[in-house]
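Both of the next two complexes hold subunit A, though its partner changes from subunit B to subunit C.
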Partner chain A sequence: MAHIEIRNLEKSFGDTPVLRGIDLTIERGEFIAVLGPSGCGKSTLLRIVAGLEAHDRGHILMDGRVVDGLAPKTRDVAVVFQSYALYPHMTVAQNLALPLVMRDLTRAERLPFVRYLSGRVRRTRADIRDGVARAASLVKIEGLLDRKPAQLSGGQRQRVALARALIRKPSLFLLDEPLSNLDATLRASTRAEIVQLQRTLGTTAIYVTHDQTEAMTMADRIAIMIEGRIVQVGTAREIYHRPTDVRAALFIGTPKMNLFDGTADNGAIRLAATGAVVVQATGARNGPVQIGIRPEHMVLVPEDPGDGIPVATTHREFLGSEALVHVAVGDGTQGTPAVARLDPDTADTMTVGRTAYARFRPGALHLFDGEGKCLDPDRHRPLSRIPSAFGQEDGASDAQPVPRIVGG
Partner chain B sequence: MSKPPRLQILRLVTLTIAATVLLLPYIYMVGFSLKPVDEIFAGGLSPFPREFAGLANYAGALESEPLLRYVANGVIVCAGILFFQLVFAVPCAYAMAKLRFPGRAFMLGLVLFGLLIPIQATSLPIYIGLARSGLTDTYAALIVPFVSSVFGVFLFYQFFRTIPDELLDAARLDGCGDVTIMVRIVLPLIMPAATAFGIFSVVSHWNDLFWPLIVIRSPDLNTPPLGILAFRSEEAGDSYGQLMAGTGIITAPLVIAFLLAQRRFIEGISLGALKG
Partner chain C sequence: MSTDASVADPISAAAVRPAAPPHLSNTAVGWGFVLPFLVLLAVFVLAPTAAVVVMSFTDWKLGEATISFAGFENYRALLTERVPRISAANTILYALMVTPLSVALGLWLAVLIEGSRLGRTVFRSACFLPVVSTTVAMAIVWEFLLHPTLGPVNSALLLAGLPPQRFLSDADLVLPTLAAIAIWENAGYTMVLFLAGLKSISGELYDAATVDGADRPWERFWTVTFPLLGPTLVFVVIIMLLRSFRVFETVATLTGGGPRRASEVMLFTIYQEGFQFFQIGYASAITVIFVLFLLVLTLVNFRLMDRTVHYK
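Moving on to the complex of A and B:
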């Protein structure tokens, strides 16, 4: 169990900067997911923490001790690789035993026949066998110990890789997209197992993934990493409901958050496509803004309630418990695309090709400035009265605290 | 096994014919080595002797020339060459496949270029070099020119590229140093490639006539092909049975070695050992 602190970490490959100043603190026993699109540098970050790659600037501290430049084996970390990286010429038991053999026996003691000469070596070898059996039972692969990796299924290999990582009881687990080679069903069940395993062992874990579902379901906290920077760290709820950066907002949530161009004009936030004022944000600096709203907060009605924004309905998807209605806002079907998540009955009242009317729940609006930063994410002042054009949708949104709308 | 039987039979027949054509000289060699001289000259296509003279032929061959000495020379030279080739080619290929350093692509280009140069092209300067350093007519003259094998570097380079980096990273995390990684992970994995390369190397140097002919003068250092040459010129005339017996003795070690290693050899050429 280790406390990890990453300070201003930078790394370039040649002229290409990969990590541009990463700061991240991970508490003892915490399960943190580093979530980002491929190529954002998250695997490089993991390799640097493991000691497999050197960084250019910054520091990594484990339990307050700087570990920069230390070899991987002295850092007491274990990695589960995407490809599992099992040794193909060794049996499962030998794969699991190798980390213990390397740690507990000296070079001379590892020679093949020494066990017949030294009682100590014999006892250590017996301990290693016990360790292998324990680790195997933790991930339920007791029956596979004599097989070679080529004789195992993907899920079984994945378990062996997990067992090999936990057998040494490392102080830090690093998992590099360990589920991406599994089929969907197996992935869902393995997610839960990995989390349980990590809770049981209490080991600090960093889990790198590009899959938001994995990050949201497994991790205590998520660090969203984009283009070599961490744009937001928080629980899944925090990031979903209060994204501090437009890129984090877009990365979490399916379908993506709808985003419209807008302008701030003396506190009035206008939708660029229609010119309608959607909300008052006193103090927002005049200039371009982006207006975000999650699909479930976008309300569509077939008839104009008098204060709706006309949108063109382009497509409808029935998903069972819900339905997605795709619309274009402004400029007919060529307008900004947006998605509304509705209950299927409401969605049925919308006809593709016809105009519907959108209302945004004001309390659920997210405003981002020209650089994509949330306009004052920390202030939770309720909106001043919703402008006349937009009534409150229903009582529910009234009850919600109204976040992050007001700029400073 | 689900192939239609007719196709199977066709395939079997084709392969059998091809194998027979390739093996025919060898079969006749063995056949002649078992026949007395008059039967060889009597003609006839049957490779089987009517009168068994194998014992006399083989004994005669071993008596008239130190064939076993030639075989031993062949073993020494081939083992020496293979040993040094592996010592140089494996680390070189590993570095080019797995380490990043400036000039890597250029060096790989040089290796590929080296594949294009036949030994005949460089034989004169190498001979002069050996002669100046007084090494002609020694084992060293037979071994030194071949210790660096660009073919070996290329073969191992291709093979190392199939070993995923994550495997070596995993070993590093499991506490292995570079030597341990080499011994415990890399060497077991490259065994098929090493076997394949070993057979290529041993076959070509065992059968090489060109180079030993240039650098060897004393009969004591004769390699197997030189031995056959010596045998033929000295015993020229009618002792074909003995000549064939001598040839049989000299080619036998290769055949045996290939039969023993053939499974790994095929794995090595197909480079599929790391799948899955």
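Moving on to the complex of A and C:
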């Protein structure tokens, strides 16, 4: 397992900048997900860490040693590719053996007849066979060793690719969207298996994906990457509850965080659509702001409680354990669209086409400035103190009904 | 009601009418499409082949009015006479020189061009030029290049302190010289086929090989490139074998089968027997045997190579 440090990494393809100064530290044995939309540069970052691509500026350190310009095999990394990249002409056993053959045998010793001349080569070949058997049993593909990749299902190929990556016991795993070619059920079970495997081996892992579910369920920490920059690094909970950037806030969570235009006016945050003051934030500079709230933190009631914001109910979706109510805020049905996640019984009291009333819990609001940076000066406060609309989040008992934005 | 509607509304009635007249079944329409091809195949391939087979059992001479059945006489002559045997041996020797070297050179050029960053199009076109130019015209250029006294090749040999050679009139040199010309011509062809094959190899496989430690050019070639070119290789080898067995133009224009039959090859023998000595029956017998040989060779080749090659 390795400690990885990426310092101010930059990369351009021609005139197109792909990575614009990446800083990221990955602890020994950590499983980190690099999450971002396609084209954000996450695969390029992975290829640069692997040594398959050269970077323009910055450094990569493994265990304190600069590895810039080193060949992939000397970096001691293993990659699981999106397409699995199994050698189609080799059996599964040969596919798994290749990394060991290339590492443990010299060029002359690899020649086919040499094993009959040298006892050392025979012993090494026997060790490689044992290694193949061990790796195969780790991912439960012992019965497939004599098959060719074309005779395997997608899930089996994926396991072979995993086994080939772990066979050398590398100090760093790099996984490039390894689940994207699997069907939904298989993806869910393989997610858990990969995490277990990584825990058992204790190998540091970088997992690149555009799927927030994968990132949130698998990784110790997530690095959100957008347009060649890492906008936030943290655990799934941290990013979900405390997004530091509006793009990170929008990327994590389904349905997306609701976002409204607003203004800060001497500490009063007003909703642009209705003019209602939703929260007092004395720290906010006067000017335009964006007000974000997660669907589950938006409370809807059919009758005006007095301080409610009138919204037009446009659509209702029943999902079993919960229901989503789509509304438009301000300007009738043409207002800013928003979604509230309610329990089905509450949702049933809302009628499509009628006006409902929304309340934003001040403690659950996210405020972003014109550049999309979080306005909350207090964002490093422990998570346990985040109040929740339904009182179901952990630590809700000691949650205090204070507005998140306080002076300073 | 429905009949009324279709009568009253001729447009919709026309729209629902089937494309083919109802008395023509699907089978008939199918045959209709295939027929032109079948006629052409029969007229230009099957009938001439049958005619050659029939003529191989006769003693017909070109221009003669009489024709009589000769049984296996032509085939007996074929087995006992000297010229067909020399011709067959030369053709096989020639094919064994041309095929492996054209394939190897084409593969080398393709990998080299695919790997180079600069001038890909230029090199590709340059290597393909011999393929698109007329062999007979090129043969004349080669004749000049290899001329015993005026040719630049011999001048180069002299400059290098080596004795000049009579490339096309030395019995030991003539077949290798013709083979070299063919390799020069074929390499561009095999190169283009291999380039197409190389394009279909996924870049992730090379990345995987690099990470797995196979990162030297030679290791990459043996781990990824060569095995994945397998299907292309089978195709190219068979095409090259057939092409080299059909060698004719260079022999006809440069050597006429000489010196002392050292460059006598099958097609040239057939041509001479049939159209210069007018022995159509005999030439037909050689043709039949030659075609059967090529057919068997191709099938055997396909079987052998197919077993060792991986298809996706």
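In this text, the second predicted complex is superposed on the first by the 377 of 408 C-alpha atoms of A that agree within 3 Å, B and C clash if a C-alpha of one lies under 4 Å from a C-alpha of the other, contacts with A are read in each partner's own complex, and residues count from 1 in each chain.
Here, a residue touches a chain if its C-beta (ideal position, glycine included) is under 8 Å from a C-beta of that chain, and two chains touch if they have at least 3 such contacts.
From a predicted model like this one, the values you see are computed outputs, not experimental measurements.
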Requested in this report: Kindly say whether there is room for both subunit B and subunit C on subunit A in the superposition, answering fit or clash.
Outcome: clash
**Report entry** Touched partner set for A:L52, first subunit B, second subunit C, both or neither
**Finding:** both
Report task. Quick one: classify A:F81 as touching subunit B (first), subunit C (second), both or neither. Result -> both
Requested in this report: Kindly classify A:K140 by the partners it touches after superposition: subunit B alone (first), subunit C alone (second), both, or neither?
Outcome: neither
Query - First, second, both or neither for A:R103, with subunit B first and subunit C second - result: both
Requested in this report: Under the contact definition given at the top, report the residues of subunit A touching subunit B in one complex and subunit C in the other.
Outcome: 47, 50, 52, 71-73, 77-79, 81-83, 85-89, 98-99, 102-103, 150, 164
Query raised in the report: Along subunit A, where are the residues that touch subunit B in the complex?
Result: 47, 50, 52, 71-73, 77-79, 81-83, 85-89, 98-99, 102-103, 149-150, 164
Query raised in the report: Considering the complex alone, what residue numbers of subunit C touch subunit A?
Result: 202, 204-205, 207-215, 219, 223-224, 227-228, 230, 310, 312
Query - Complex contact set, residues of subunit A against subunit C - result: 47, 50-52, 71-73, 77-79, 81-83, 85-90, 98-99, 102-103, 148, 150, 164
Query - Sites on subunit B touched by subunit A in the complex - result: 164, 166-167, 169-176, 180, 184-185, 188-189, 273-276
